[in-house]
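Quick heads-up: structures coming right below.
Both of the next two complexes hold subunit A, though its partner changes from subunit B to subunit C.
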Partner chain A sequence: MGTGFKGMHPASTFVFFVFTFVFSMLTSHPLLLGISFFCAFIYDVKLRGKRVVSYFFTALLPLSVLIALFNFLFSHYGVTVLFEIRGIDFTLESLIYGLIFSVKTTATLLWLDCFNEIVTGDKIIYLFGRVSPKLALVVSMVLRFIPLIRAQSEDIANAERGIGIATESGKLRGRLRSTARRLSVLVSWTLERGIDTSDSMSARGYGLRGRTSYNSYVFSVRDAAVLILSVFATIAGMFVNSSLTASYNPKTEIDLPDAFSLVLMLFLAFIMLLPIITDLREERKWSISKLKS
Partner chain B sequence: MQSKSARLTILSVLLFLVLAPLTLMLSAKYLDSRSYYIPAVIIILLSVIPFFVFFENRKIKSSEIVIVSMMIALAVASRAVFAFVPQFKPTCAIVIVTAIAFGPNVGFVTGSLSMLVSNLIFGQGMFTPFQMLGMGLVGFFCGLIFTKSRYRTDKLIVSITGALLCFGVYGLIADTCSVLMFVTDYTRESVMSIFASGIPYNAIHAVTTGIILFFINKPMTDKFTRLRVKYGVFEIEN
Partner chain C sequence: MVNFKIEKLSFSYPGQENKALSNISLEINQGEFIVVCGKSGSGKSTLLRMLKPELSPKGKTEGIISFFGKGAEDFSLRDSAEKIGFLLQNTEYQAVTHSVRSELAFGLENLGLSSKLIRLRIAELSAYFSLEGIIDKKISELSGGQKQLVCLAGLVAMHPKVIILDEPTSQLDPMAAQTFLDTARRLCRENGMTVILTEHRLENVIPAADRVIVLEEGEIISDTSPELVSTELFLSNEFVNRSMPVQMRLHASLSLDGKAPLTVAQGQRMLVSLVGYEPEITVPEREKALCVSDETALEVKNLCYAYDNSGYVLKGLNLTVKKGSFFALMGANAAGKTTALSLMSGILESKSGKINILGRSLKKYKRSELYNGTVSVLPQKCESLFAGNTVREDLENILKYENKNKEEKENLIAEVSRFTEIEGLLDRHPYDISGGEMQRAALALVLLRNPKILFLDEPTKGMDNLFKNRFALKIKELCKRGVTVIMVSHDTEFCAEYCDECAMIFDGMCALQKNRYDFFAHNYFYTTAANKIAREIFPLAVTERQVLELCKANQQG
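Right, the complex of A and B next:
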């Protein structure tokens, strides 16, 4: 289950992340992107600690540079020409927009990293299962079968080693042949095991009418609040995005926020900080209750 | 029951036909930020829904559901079996074999769910919806072409078609995601350069898929036939 934001209802957390993705992908205003990037980064650091820093420097930063560079080399819109090579203008606008675009991608990927930490496989199955029970059944069975198949593959390899027919070194051809044999055994075993499972399911009454499914999530007032706030935030985000223009073609024009959009921006920042606020509040409560006892 | 399933499927197709152009129109009108990733994902989701609605509502034996799940699990887990040659990813080949045995609809579901589950384990990426559609379509087309064809046991034809579909359909759709991630100014050369940079990777993927298909098609078909004779599952239907 997890605590804090992770312990919330899957629907609320899912809608929250849909909001962050849509917002980060649609906006091109540097301030709005900055807010999104900042919130995603600190929440990811809160969730995954130091690993985020290495993820940022080994994967996200190179990707950003690549995107910005690609954009600078291949797009030639804009009026401010920085230099010219063989009649092709390299412009400031394409450089700036490339940087903006890479911040956008980085922010989305950071939110995705948080998403993978919070909305785990079981929650996705739960959300799916409400709409499509058969698909949810398939996905949850697949998730159970994968470790089973891996373990069986290891068993087969051990048996092959035991009778001396496993080829694990030497020529590629021999190794491929050995692997192909193992795969073949594995497939036969998998299919037989599948028949066993389905017999067991029928024996327990799968597919009969009137059977209900177990549900371990409670939808509380807090979850409803997060859900509604996320929906509002999506609308507010779209509104701010359309009222604050940030245009990079043909020349860079970035609106400064007026009072009203500043208020909306603060609201958006608050929503994006909501997960970390929830987590910190819960941790504080926990440490206080530990001190009391 | 059958008519309800048909009605729902037609409804979801109509939904796609109405909402997909609407998404395009709205994004062309209101999105000046040149990020077409979100409309693309919306259209992909809309196009995937009819297949899943059809799968959800068709009559399918519990043994067949389990076998499909097993094949998806095998498609995902088989990457680990071939771990010593990193380019060898049998996922696509196993999806194709399952599609040939089960028909286009199950082929689509197998392909797209194997991508979804693989990403559930290794972490969702921005590629997930594109991979789901791409691999699903590979399964769909293979089922459409081979399930009722007499060439389904022909090693060479199956493996060449599989490789071509893997290259043309899966590669193209997966690379479209890179285009949406990298390009901000959609000129012919910028889009083409992204697609071109994906060609070597896609070619390796397609060729290995073809090779694996060449070797596993016959044994897998035999194993499926054995199951059909022994347990009565795998009756081919649409």
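Right, the complex of A and C next:
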């Protein structure tokens, strides 16, 4: 089952992550995004250790740069023109919004990484298995396949290299083609393996009426508190988001927080740090009890 | 109790003329251990899937199957889930949840057992399968053998009457395979479960079986006890001839009377009764390695490697491989064989140690140069190589950037497909062909690059003995042309029979590198079945042929 935040009731952890996703996706205010990004990053590091750092630098950072660059090159709104090439204006606003958008994406992906670690497939099935077996199946399958696809993608890259059809340097066109090929392998592989997994599920009676659950999660006061706080945080997040203007078109306008929104922000930060606080407290409890015994 | 009764069953897949199963009649009783065997593509998997309604293939079906005395219509999905457990061929994806504990609980939850009862069953299972140490691990952290056992435990948890295993050990190393089969056998003997399994490697399975069913082109050609299969079919059927355990094949080739010996111990007794304890001739003849030159193809010095902080996998590996030789790298699971292969072929890079390929440092090769005609790698999971809609498309893709006209390319493809026997598969989708066929198609892909050094990672996994033999001859042919073949393998029988040299990795170093005869003759566990049988009498005989020849020589003299 797990301890700390992971050991909490699936409903509470699920709602918590819904809050983080909604919040990170809706807000465009740099301060709010910064909080979200920071909390997601440290919690992911807490959960998955060093791997997160390499995931950040090899996947997330390049993706962010790409997003920002694309926005800068292809969106031309805004009034502050930085330079002009062949009559096309390259604006400060599109640059800033590109950066904001990439932070937003990164934060969401980091939260997704944490989500994957905490709300595992069996919890999804626990939550939705009786309401909608098919939906639960699809969701849990997607979750289970994320790490598998990651590993498979590496395997394919190595396999291609070993028979000399990997294009790692040289012309952009060749590299794009090579990436497209790899993607197509991954897609057919995933579909094929998905069939295996769903075969295995139906062979073991998934979808029969009257499914029970082995994990008897008890919904404690603590779980209720996290659930309610997460709901409140979602509302608070929306409120702060609407009261603080952050607009990048046509001109960059970012409100500084007043006292009230500052308090709300602290509250939001506290909620987002809740998982890591729970985990650390649990760890301390056990290390102290070890010392005493 | 009769589990299954099949009468005159025929089946063909949609859009295909020839029947995958034809005219099958069969009765399977409670508590039998049945091995279904046959060449790849003979309809084994199809037959097994017919026995599990949820997985039965769609197509044209004739004939009747009844399950536990009920017709197919009356046998509900709940009945099927409760009574019949099915382990899929690709067990990598049999596991549906992320952790061992929830995997064991999954089927029971579906059946609607109370959480208390599930807890009890899991406790019982983990004692029976010795899962205590891994019960809280993630599925992805397990070794292949552990994963397989957990999947089996997940089926057994539901207390089925029958378990059906589709090639359960083809991806496992010999030790793990043996553990798995022993467990299946115990379930049958001690709990009366019916076990039905298919397998390519029959050496270990046959002695455990009560009944062996041999399929050929969708028809049952033999359905009898294991002792009698080899006597019945040894001469007439090449597949059976090639696949039986060594002791049974010796029995048949020496045309002895009586029941064939099933176990190694029985084989030893047979040999003693044949030539006595101290025969005159005990030193076997050795086949010379024909094609090995004095030139060095690959030299590895002091190679070290570590993933993350988890300690060194390789701690100073030294190897020398001669040009034109067929070289096997052996060792236990997780000994670093595949890591060594990746390093030697340049897929991984090491910070310390030297690797020379054809007299040049590996670091001095450009990628494009290295993989276009110098080195090619056949990975273990060869499905990673395929991306096209047909096998042909993938083969063409390899030649895409080569300076050849269309006709030349077509000739090359035709030649390589003849060589690997995949002519009939060229227009099929790579994912629709069987494991053994895919292995051959992958070999074709790799060979199109025309490498000077060919690296193979566990190529004989999932091959039947019949094809293994032809495969070895093909590798030998490549060696004759001067190609050096370096293989990572668990397959002791194969290495002893065909490799020029073998090396064993242990503790990150090369523990032993010798020619195949000396390599195996002094091992006690890590050796061939032929050697185990003949050890007391002919200690230096390693291959079946050697034992056979010594027997004949002593009988004549």
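Keep this in mind: the second predicted complex is superposed on the first by the 209 of 293 C-alpha atoms of A that agree within 3 Å, B and C clash if a C-alpha of one lies under 4 Å from a C-alpha of the other, contacts with A are read in each partner's own complex, and residues count from 1 in each chain.
Heads up, the rule we're going with is that a contact is a pair of C-beta atoms (placed from the backbone, for glycine too) under 8 Å apart; a residue touches a chain by one contact, two chains touch by 3 or more.
From a predicted model like this one, the values you see are computed outputs, not experimental measurements.
Asks: Have a look at where A:Glu283 lands relative to subunit B and subunit C in the superposition and call it first, second, both or neither.
Replies: A:Glu283 contacts neither subunit B nor subunit C.
Asks: Touch test for A:Ile165: subunit B only (first), subunit C only (second), both, or neither?
Replies: Once the two structures are laid over each other on A, A:Ile165 reaches subunit C alone.
Asks: Check the residue A:Arg204 against both partner chains and state whether it touches subunit B (first), subunit C (second), both, or neither.
Replies: A:Arg204: touches subunit C, not subunit B.
Asks: Contact-wise, after the overlay, does A:Ser242 reach subunit B, subunit C, both or neither (first, second, both, neither)?
Replies: In the superposition, A:Ser242 contacts subunit B only.
Asks: More residues of subunit A are touched by which partner: subunit B or subunit C?
Replies: B
Asks: Identify the partner contact of A:Arg193: answer first if only subunit B is touched, second if only subunit C is, both if each is, neither if none is.
Replies: After superposing on A, A:Arg193 lies in contact with both subunit B and subunit C.
Asks: After lining up the shared chain so the two structures overlap, which partner does A:Arg181 touch, if you call subunit B first and subunit C second: first, second, both or neither?
Replies: So A:Arg181 only meets subunit C here.
Asks: I'd like to know which partner A:Gly121 touches here: subunit B for first, subunit C for second, both or neither.
Replies: Both subunit B and subunit C are touched by A:Gly121.
Asks: Classify the contacts of A:Arg150 with the two partner chains as first (subunit B alone), second (subunit C alone), both, or neither.
Replies: In the superposition, A:Arg150 touches subunit B alone.
Asks: Is A:Asp255 contacted by the first partner subunit B, the second partner subunit C, both or neither?
Replies: Neither subunit B nor subunit C is touched by A:Asp255.
Asks: Taking the contacts subunit A makes with subunit B in one complex and with subunit C in the other, which residues are shared?
Replies: 121, 141, 148, 182, 184, 188, 193, 197, 199, 201-202, 206-207
Asks: Considering only the defined contacts, which subunit A positions touch subunit B in the complex?
Replies: On the subunit A side, the touching residues are 21-22, 25-28, 66-67, 70-71, 74-77, 94, 97-98, 101, 104-105, 108-109, 112-113, 115-116, 121, 124, 132-135, 137-139, 141-143, 145-146, 148-150, 153, 172, 175-176, 179-180, 182-184, 186-188, 190-191, 193-195, 197-199, 201-202, 206-207, 241-242, 247.
Asks: Across the complex, what residues on subunit C touch subunit A?
Replies: 52, 54-55, 77-78, 80-82, 85-86, 88, 90, 92-99, 102, 105-115, 118-119, 122, 140, 154-155, 158, 308, 342, 345, 347, 367-368, 370-372, 375-379, 381-387, 397-398, 431, 445-446, 449, 455
Asks: Tell me, which parts of subunit B touch subunit A in their complex?
Replies: Contacts found on subunit B: 30-35, 37-38, 52, 55-56, 60-63, 65-70, 72-74, 76-78, 80-82, 84-85, 90, 109, 113-114, 116-117, 120-121, 123-126, 181-185, 187, 189-190, 193, 215-216, 219-220, 223-224, 227, 231, 233.
Asks: Mind pulling up the subunit A residues that touch subunit C in the complex?
Replies: 50, 120-122, 125, 140-141, 144, 147-148, 152, 155-156, 158-165, 168-169, 181-182, 184-185, 188-189, 192-193, 196-197, 199-216
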